[in-house]
Each structure stands twice: as structure tokens, then as C-alpha cells.
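In the two complexes below, chain A is the common chain; its partner is chain B in one and chain C in the other.
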Partner chain A sequence: MIEVQSLYKSFGKEAILKDVSFHVQKGSIYGLLGSNGAGKTTLMRIIAGILKQKNGHVRVLEEEVFDNERIKQKVVFLPDSLYFLPQYTTRQMADYYSKMYDSWDEERYQKLKRLFQLDEKRKISQFSKGMQRQVAFWLAMSSMPDVLILDEPFDGLDAVMRQKVRNVMIQDVAEREMTVLISSHNLREVEDVCDHVGILHQGEILLERDLDDLKADVHKIQVAFQEEAFHPEASGLDILHQEKRGSVFLLIVRGNEGDISAEMKKHRPLVYDRLPLTLEEIFIYEMGGVGYAFENIIV
Partner chain B sequence: MFELDVRSRKPIYEQLVEKLKQLIINDVLKEDEKLPSVRELAQQLTINPNTIQKAYRELESQGYIYSLKGKGSFVHPSGKVNNEEELKKVREELKKLFAEAIYLGVSSEEIAALLREVEGGQEND
Partner chain C sequence: MRSKTLSFNKEIIKQDFRNVGWVSIVYFLGLFFTLPMQLFMEMSREEPRIPNGHGLFSSIFTYELQLFFLFVMPVLMAVFLFRYLHVKGASDFAHSFPMKRGRLFNHHILSGVILLILPILLNYLILFITAGVADVESYYKVTNLSYWLWLFSSMTLLIFMVGVFVGTLTGLSAVQGILTYILLVLPAGLYTLIAFHLSSYIKGYSGDVVLEQSIQYFSPLADLVKFQRYGPDTAEVPVGTIPLIIYSVVMAVFYIASLFLYKKRPLESAGRALAVRALNPVFKVGVTFCFALFGGMYFTVSQYEYGWMITGYLIGGTVGYAGASMLLEKTWRIFNGRHLKGWFAYGAFTGALIALIPFLWQNYESYVPERSEVDRVYVSGGYWQYQSMVNEEMDIPFITSPEAIQSTIDLHEQLIEVSDPLEGGRDYFFFVYQMKDGSEIYRQYSVDDKEVSEAKKAVYETEGYKNIQYPVLALESDKVNQISIDSYSGQGRKEFYDPEQITGFMEAVKEDIEGMSYEDIVTPRGLYSGVHFTVDGDPDNPFHFQLHLSFEKTMDWLKQEGFYEEAMTLPEDIHRADVYRWPQNHDFPHTDARFILDRLKEAGVEPLEVKGNEEIGSLMEGQSNQEKGAYIVAFYFDERYSDHYEVLSFDNGQAPGFIKEHFE
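Our next item is the complex of A and B:
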């Protein structure tokens, strides 16, 4: 559905995206994560056909997207800084959208009006930040896109509204296999809703995987032994991170759960606990692996 | 039908598999009963339909449910299937609990009595 291949983009002399390749399947909700300044927004603007890449391919719905009106009809992009025509009300914006998007669904618009409960005759500029975001979702979801691209979508929405918006989005994914690409810094948000994630760092994709596979592959382990005979390095396990607190080891280990527990059992642990990692922890350890680490600096 | 704990570290997909298994094992979902469709469940729980699909596939491969094309997923009549993987997990859990019980001074007679109690309870069903 979205295919990005060896993408390169620079602004002036500075390369923003160096060699980005990834793939989003139809009906998938894909979370694009990344460090600050990793190039997420630039990447999304290219996928939406706003910017043109220097090298590489971006194919949305099997076609190059830049200057391609037919494809852009089916794509809605919600940037992190929203734009509405000056002095427009929501109703006027809706009329504008209905002319731009052939797939505009007026019935859906009316239904969503009950959900958002905003006055469609008020000027959008008078709305609060969160309300403006609601308007943006309202318009986007009424346009019935095949591909929805969201840059920091839940910023400024309260908890109830977030849940409502997510629910509408999920219905569209379930019912008509809409494809969604989300970038967010709120990893909990991404964790709850996405099935695939990709991590972008310094203009390159560090990893791209099924979220559940990713979680099933990394484990946080607390283990303690009677004798001091255990050495993490000698165990043959793929250890990403280790700490020792008293006689308790805290290990972040990559690998199959069965293999790890079998290896640990060999040393007859007194305590053996395995916790799945949160996406936030995975993000921190993966970024640590490429030198983007958390350091505890006392200031 | 049920709630998931989104704050849990456990992946949503695993939680789904476990919850549905519980419902099947405890006969809340009866033999040949239709499970909610992926769409319904996605909307009810506000979770990714792909995650639900995956959980259903897993339950099917473990023999708890079967699916009919175009009709949906149903509880397998022999829901209490022999499943090595599951048995292994349960045995490990039991061992852990037994160890804890013994440590706390529970005698093996008491454990045996508890076992009989559980068995008796099931026969009276």
C-alpha cells in the first residue's frame, strides 16, 4: 500500500533522509517512531506528495505519488501543524473538502457531527488547539481516504476525545481496510493501536517489525543465583543491557523465551522472573544500541 | 464482553488469546458458539483489527476455535484439547505455586486436599 525504497532527501547540503526503505501493508496501522529530528515529518510529507524526494521511490497504492492527482484523492495527510483556509468555518471547509475529494461522504460528516459536538458555523480559528484537531479529524474521516497519514495526531486531544477518534479510525480499518501511518512521540499511544512499527534515526530506518514479534523477541529478566557462578557474558545469550543490584541481575535479553529460560534454569536460579518490555523500553534500548543513549547527568 | 488491561506489559494479542481461552474453558462461550467478528470486537474494544485477527489465528492453531469461510469463528467442540505447549506452561506454573506453598509451610496432604476440592467442584457442575 505504501512502499518507500532507498529514499534520499536533503535540504541544501544537509541530508535529512539518507536511505529509507519501508513498507506498509493494506489495512495495517503502522507506527513511525524516531528520535527528535530523525526526519519523520519530512518522510511523511514526501509520502503525502507535498515534497519531492531527490532519489528513491515512494509508491502509494502502487503509483508514484508526487503530482499524482488520482492518488492524492485517496490520501489524507494530517500534519502536526494544521492548516485551514483563513476565516473559514468547519462547514465551509467541509464544502471545500467535498469538492477536492470525490469520496467525500456527507452522511459520515453528519454522523461525526454528533460525535464531536462542535458548532460547524463557527470560525475554526476561534477554536482551541484541541478543537481544531477535532475539526481536522472530522474532515479527514469524512473524506473516506484509503490511506491516512497522521503526524502527531493525538496532540492536544483530551483522553475521551482520543478514544473517540481512535475508535472511528479503527472502524475504518476494520470495515474498509484503510491503511494508517502514524508518527508519534507518545509510545503508549502507538503501542495500543499499531500492529507494525518502524524506528527512524538520523535519516535511516533502524528496524521495522510486527509489534508483537518485536515484543516477543526482547525480554526483561530478573534473576538471582545461590552461587556467584553465573556470568552473563559466558552464557551465550544475546544481552542488550545488564545491571547487577546486590545479587540480583537485571538483564535485557534478545531471543526466544524458551531458549532463555532453559539457559537460566541450567544455573538453578533462586529467582527467575521474565517481564515483557514496553515499547518505550524497546525504543530506549534500541536507541542506546546506536549511541542515542540516556545519560544520567547531574546538573 | 470483556475488558483488556491496556496498562499491562503483556501484549494485547496475548491478553486476547488468554481471555478468550478462559471464556472457552469456563464454558462462557459454548461449543459451536459464534465468536464476535473481528470488526465487532475491534469497535467494542478499540483495538487494532489485525491484532484480533492474529489472536483468532493463534486460537485456531491451538485448536480452541474453528473458522468457516464467510461465516466467522466458532468454539471448537473439543475446546479442552490436548495441547503440549499449554500443558507445559500449566505444569511450570503449578510447580512455581507448589514451591511457594511448600516454602510457606503447606503440607503435601493439604495440597492433595485442595486438588480433590477442585476436582470435586468440577464433577458437580
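Our next item is the complex of A and C:
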């Protein structure tokens, strides 16, 4: 659906993106995480077909996207700083969008009007920042895109609206297999929306994960043994992190849950608990080994 | 979906109208008030002004105001229409839609063209309908109106497309506006600057010739402004049909270049001075160079010294370099090593260029045509005299005799030796050689005339030169309706119409001129009278000349006819004459008698005051235009007007006895 291969982009002499590759499948919601200045916005502008990369390939719906009218018909991009035509009302913007996108769905527009409860005859510039973001979603969703690209989409939305927007989006993903690419500097913000995440740091993708796999794959366990015979290193488990408090071990282990508990049972533990693990922790432990100060990246 | 790709999107046009419709409305109103409204006002006057034959381009229709709108509105249109390109949010917005860049560009161009042509067309229609219902023949004809429509449409679109082109090149709207005008006058400006500097470096190079003959081809704005609405028989329309067609071609070139640039333009350049990074150094060097030339010209014009010229380059170049760097980096804090290095590199390069130019032009400087190759030659005291004859399509009195051509070539050779383009002098020489192969060679020099007086004398005494200096030699007496002679004092005036008298006068004058010596030409004797002719009913002609006492045959003729008392200044017309001794040991910046007289008066030197008619009569034999001598005489014609005086001077030998006695 979206395929980025060894992408390189620079502004003047300053390289913004160096060798970025990743892949977003049809019908998935992909979270692109990164700190400020990581190159998220630039990457999204390239995927939306606005900027042209210097090297590498950016394919959306199997075609190079830059200045590709046919592909861009199916792609809607919502930038982080919103822009509306000056002095325009939502209705006028809707007319503009409807002439731009062949797939514009007026019925959908009317339906969403009831959901957002905004006055379509009012000038958009008079709306608050949060309301403007709703207008942008409203217009984007009414254009019925196959690919939706959202740059920091939840800025300025309150919890209720955020939920509404998320529901509309997920509905489209479920019903018509819309593909969504969301960027954020905050993991917690996208944790409950995305099924895949990629982390962009200093112009490179550090890692890419399927969240469901990740959650099934990394475990936090607490064990205590009678004898002092247990050595985590010798156990043959893929241990990402360990701590020892008295006789209690706190371990972050990667691997199949069944295998881990079988291994533990061999040592006949006094205590064997599985503890809940947040996505953030998973990342921190995964990355910790690589030596990055991960907290700084996602916060 | 395919069909939609090809069709045009009216929402974009609609949005453009909402955005820049006001420019169109202002343009309409501007033209409406300068054209139809002026016409209605004029027609309702009780005493309408007489139109001058330029129709809608005349002063009745305030051509200057029309030009103002023509220059300003298309640029505003280009700036505001493509404003979105220069704002990051707007640019991302516009280009995130499924529309190819070229198609989007064409939509905006279409809006711009419609919005600019509409006001012109509406005014055209108003004037067209008015012509149908009222009698406006004396103000404009329909052909003139159609030409107006064509001219305004072409020029509007040309200026608009230049604005669009600059817009695609830059990332700042303010820079777009300024650069558009710079680009519109740049060729002409550069041409002026370069011609000026070449004239200061290269002996014989005449910047005036180059500029006068072709400056309008280098800028559409100059072309439009140069239109003379006053005076007869100049062009009827500001821009001819062929230039208009050329402008349309240029416009098309700008359109294609803009479209190409628009497609290639990196959108992230919104907000940067230049969108195409490769142009940054070109821009910087260009601005620096132009500023340096301008600085050099400024200081040269005011100081005429080589040192000041270099100072001008330094100051101008530095200002230009700093300005361009500031603009490109959008900060005034540009004072760092990198820029200093660039500045030095530029300085070294141009320094080398300045040193090299004279070598490159050495052939030009030292070139003197071979006599055998010259068909004919024109020489005079300046380029303008020649140009005015060309403008008025007169027969130019070229020198054709081989001896005279040789004398001219000799003079030319001497001038090359003594002239210094930057020093200059009071005496100007302008040469036009027409070669046998059909080519023309122009040269211009200015020197102090003492240095070349021998060679100059040889040329001046030729018949050919006299034909140039005295066009009256070529005037046939049967074409003359009237001759008037005004004495210098302003008290006498003689007019005569009789063909016989006219013939007699002209024969005497021609004989005198043909026999004139160099001294008589350069430093004629006495107080002259102005002679004017009416030829074929036209009093405006170049045949007038100054009649001096040295025209002896003419003086005899005047006396014989009894015209002398009215035509020439008599001792009785002079209230008094002041005689000063010419100071010998002073170093004055100028050496002409009038300048020195003024210094003497300032210094309060006591003159010898002469009032007797006989004495004054003898003083009137003095010479004018001398640069050295023994005595200076100032003649006052009326005691109430001490500013109206004429100056003659005497060498020691020729001075009347009574002044010699007085001063000894």
C-alpha cells in the first residue's frame, strides 16, 4: 500500500532523511513515531506527493506518488499546521474538495456534520484550533480516501472528540480497508489506535514492529526460587532486562509465553507471576540494549 | 475520471477570483477613469481641447496614468495570484490535491489572464459603443481603439508573465515584486551602466550613441515611457506592431520558462529568497556587479577622477554583496569569514577584469580607418547634433573630398594620442565614418582643444566641415520665405521678404563662410547678430547661424542695402564698456574670458569705464571665445540690467591705443 525504499531527502546541504525504508500494509494503521526534528513531517509530505525525494522510491498503491494525479486522487494529507483557503466557510471548502476529489461523498459529509455539530456556514478562521481540526477531519473523511496521512492529528482535540475521530477512522479501516499513516511524537497517543509502529530517529527508521506481535512476544515476569541455583544467563532465555531484589528476579523476556513458563517450571519457582507491560516499557527495554536513550525519543 | 483530468476546475478559478478579483476591479476603475471618463468630461466641455493625433495615447487620456496602471496591476496580479507558492502551509495545501503541477499552474495563469484582460476589454467595449452613438472622431478612431486594445493586452500579459516567472523563481512575495521590476528594466539598466563605464575606460567609445540608438529595445517599460506625446511627426503609437509581436513572443518564452520552473520547483523553498539554489551565486554576483557599476558611475559623475571611481566600485560592490547575502540568508548578521572570503574572491576577479578591459579593447582604441576605405565622414562637436539630423531625416552634410577626409583622419589620430576618457575636456569631437563596405564607425572624444589645434584647424578650414558647421551653405535661396536678423543688444531687428534681397544676402553669406579662416570660426570678431530663416513656411529649422563682423562681404551688402543699422549692434546701443587687464599670473580652473571676467568682478578690480561712441566702436572689434589675451572688455547694454552683458577680448597687438595707454 505504502512502500518507502532507501529514501533520501535533503534541504540544501542538510540531510533530513537518510536511507528510510518501511512498508505499510493495506488496511493497517501505522504509527510513525519520532522526536521533534526527526523528519516525520518531511517524510509525510513526500509520501503525500508534495515534495520530491532526492533518491529512493516512494510507492503508494503500487505507483510513484510524486505529482501523480491518479494516485493522489486516493490520498488525503492532513498537515500538522492546518491550512484553509482564506475567508472560506466549511461549506465552501467542501465544494472545493468535491471538485478536487472524484470520490467525494456528499452523503458522508452530511452524516459527519451531525457528528461534529459545527456550523458549516461559518468562516473557518473564526473557529478554535480544535474545531478547525475537526473541520479538517470532516473534509478528509468525506473525500473517502484509500490512504489517509495524518501529521500529528490529535493536537488540540479533547478526549471526547479524539474518541469520535478515532471511531470514524477505524470504521473506515474496517469497512473499506482504508490505510492510515499517523505521525506522532507521543507513543501513548497512538498506542490504542495503531497496529504497527515505526520509529524515525535522525532521519532513519530505527525499528518497525507489529504491536500485537510485540505484546505477545515480550513478557515481564517475577520469579523467586528456593535455591540460589538459578542463573538467568544460563537459562537459555532471551532476557532483555533483569533485576534482582533479594531472592526475587524481575525479568523482561522475549519469546513464546509457553516456552518461558516451561523453562521456569524446571527450576521449581516459589513465585511465578506475569506482570502487565506497557508499550513504552517494551520499547525502552528493546532499545535499551541498543544503547539509545529511548525515553528522549518518544516520551 | 480521465475526462475530469482534462477538463478545467472551476473551483480554482472561483477561488482565484475571491482572492485577487480586487486587482481586476482596481485595474478596471483605473482605466475607466483615465479613458471613458476623460472622454465624457472632455466632450461636455464648452471649449474642448484640440486632440494631438495620438488618439487614446494622448495627454487628454492621461497616457502617464494609463501607464501607471499598466505597470502596477499585472505585477500585483502575479504577486497575489502566486502568493500561495511562497507560504509553506498554502503551498502544501495547494499541492496535496490530485492535480498535476502543470495543470494547477495553468489554472492560475488562466485566472490571471481573464482577470487582467477583462478590465481592458470592458473599457474597450465602453469606448467602442461610445464611438457608435456619439461623434468621437476627433478624439479617437476605431482603428486607434483596436490598437489600444492590442497594445494594452500584449503589454499587460507580458508584464504579468514576467511577474509570474520571477514568482516561480523566488520564495518571497516581496522579492518577487521587486525583482520583477528589476528584471523589466535590468537589460536597459545594465546596458546603460556598461556603456557608461566603457566610455570612461575606452578612448573613442561613445556611450551616448549606444544608448540613444537602442535603449528602448532593452526594456518594455522604457519603450512605453519613451513615447513622445508632444511635438509633431513622431511615432503615432507608443509601441509599433513589430515590437508588439516580439513582446508577445517574449511573453510566450516567459510562460514556457515559468511552466518548466513551476514543475521543477522544490516546494520546500517557500520563504527562501531564491527557489532554485543553483541561482544563489549568480544572484549574488549579479547584484554585487550592478551595485559596483552603479557606485562607480555615481562617484565618477560627481568627481571625474579615477580614484573616486575605484572608491565607487568598492562601496557599491560591498553594499551590493552585503545586501544580496542578507536577502539570501534573511538576516542582517552576515559578517563572518565565509562571506569575507567570497567578497575578496569577487574583488580579485573584478579587479582583474578592470585591468584587462583596456587590453581587450586596444584594437578598438587605436583603430583609425584607412582613407581608401572611407566613403565619407561626419565630424562635429557632439553626438546630439548628428542624432537630431538623423531624427528629422535631414540630409547629413558628410565630408566627401579625399583631402578633407585625410585631415579628419589626422585629427582623429591626434585625438587618440592626447585624449583620456576619464579626464575629458571642454572640446568634444564626434566622428561618424561611413565605410565603403557599408558599415559605420562611431567615435567620440573630449579634450582640451589647445592640444589638437593644428589638426583641428586643418579640418575646420575644409569645405566639408563648413558644410557641417553651417547647414545654411546647403540652403537654396528660392526656398527661403523670410530672413530675420536680430542684433545682440536686442535693440535692432531686421526682417526682409524680397526674393532678390534674400538671394543677395545669401550669396554674400555663403561667400564669407567659404572664405572663413580657422580663427574666424573659433574666435570670431565683434558682437554677433542671430540670423533665422523661414523655409517653406516653417520657421523651425537648423539653418540659423551667428553673423559676426568677420563676414565682410555680408557687412558690405547690409550697408549697401541700408540694413546695417537695424541688423547689427551699433556703438549707440551700448550703454558702457568696462575694460580689464587680463591677469597673467593667475591659475584659474577655466581659462575662458567670461569666467575670468566674473572672477575679476568678484575680486572688485577697478575697470576702465568707456562711454564714448568712438571708443566703444573700436572696442567692438574684439574677439570672442578667446582663452588668452591682454585685455577683457565687458559690454553693458542697459544700465538697469547689469546681468545682460557680452565679453570680448584683445591680444596685445590688436588692442586700441587708448586702453594700452590707460593700463601702462
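Note that the second predicted complex is superposed on the first by the 282 of 299 C-alpha atoms of A that agree within 3 Å, B and C clash if a C-alpha of one lies under 4 Å from a C-alpha of the other, contacts with A are read in each partner's own complex, and residues count from 1 in each chain.
Heads up, the rule we're going with is that contacts are C-beta pairs under 8 Å (C-beta built on N, C-alpha and C of every residue); 3 or more make two chains touch, one makes a residue touch a chain.
Since the structure is predicted, the reported quantities are computational estimates derived from the model, not experimental observations.
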Both complexes share chain A, so when I overlay them there, do chain B and chain C fit or clash?
fit
After the superposition on A, what does A:277 contact: first (chain B), second (chain C), both or neither?
first
Report for A:100: first if it touches chain B alone, second if chain C alone, otherwise both or neither.
second
Looking at A:67 after the superposition, I want to know if it touches chain B, chain C, both of them or none. Which is it: first, second, both, neither?
second
Angle chain B-chain A-chain C between C-alpha centres, in steps of 10 degrees?
160
Going by the touch definition up top, name the partner, chain B or chain C, that contacts more of chain A.
C
Chain B versus chain C as contact partner of A:85, first or second or both or neither
second
Examine A:51 and indicate which partner it touches, taking first as chain B and second as chain C; both and neither are also allowed.
second
Identify the partner contact of A:14: answer first if only chain B is touched, second if only chain C is, both if each is, neither if none is.
neither
After superposing the two complexes, the shortest C-alpha distance between chain B and chain C, in Å, is 27
If we count contacts the way the header does, which residues on chain A are in touch with chain B in the complex?
27-29, 163, 166-167, 170-171, 173-175, 192-195, 211-212, 215-216, 275-278
Interface with chain A, chain B side, in the complex: residues 6, 9-14, 38-39, 42-43, 46-51, 54
How about chain C: which of its residues touch chain A in the complex?
1, 4-5, 9-12, 15, 18-19, 89-90, 92-93, 95-101, 103, 263, 266-268, 277
Could you please specify the touching residues of chain A with respect to chain C in the complex?
11-12, 42, 45, 48-52, 67, 69-73, 75-77, 79, 81-87, 95-96, 99-102
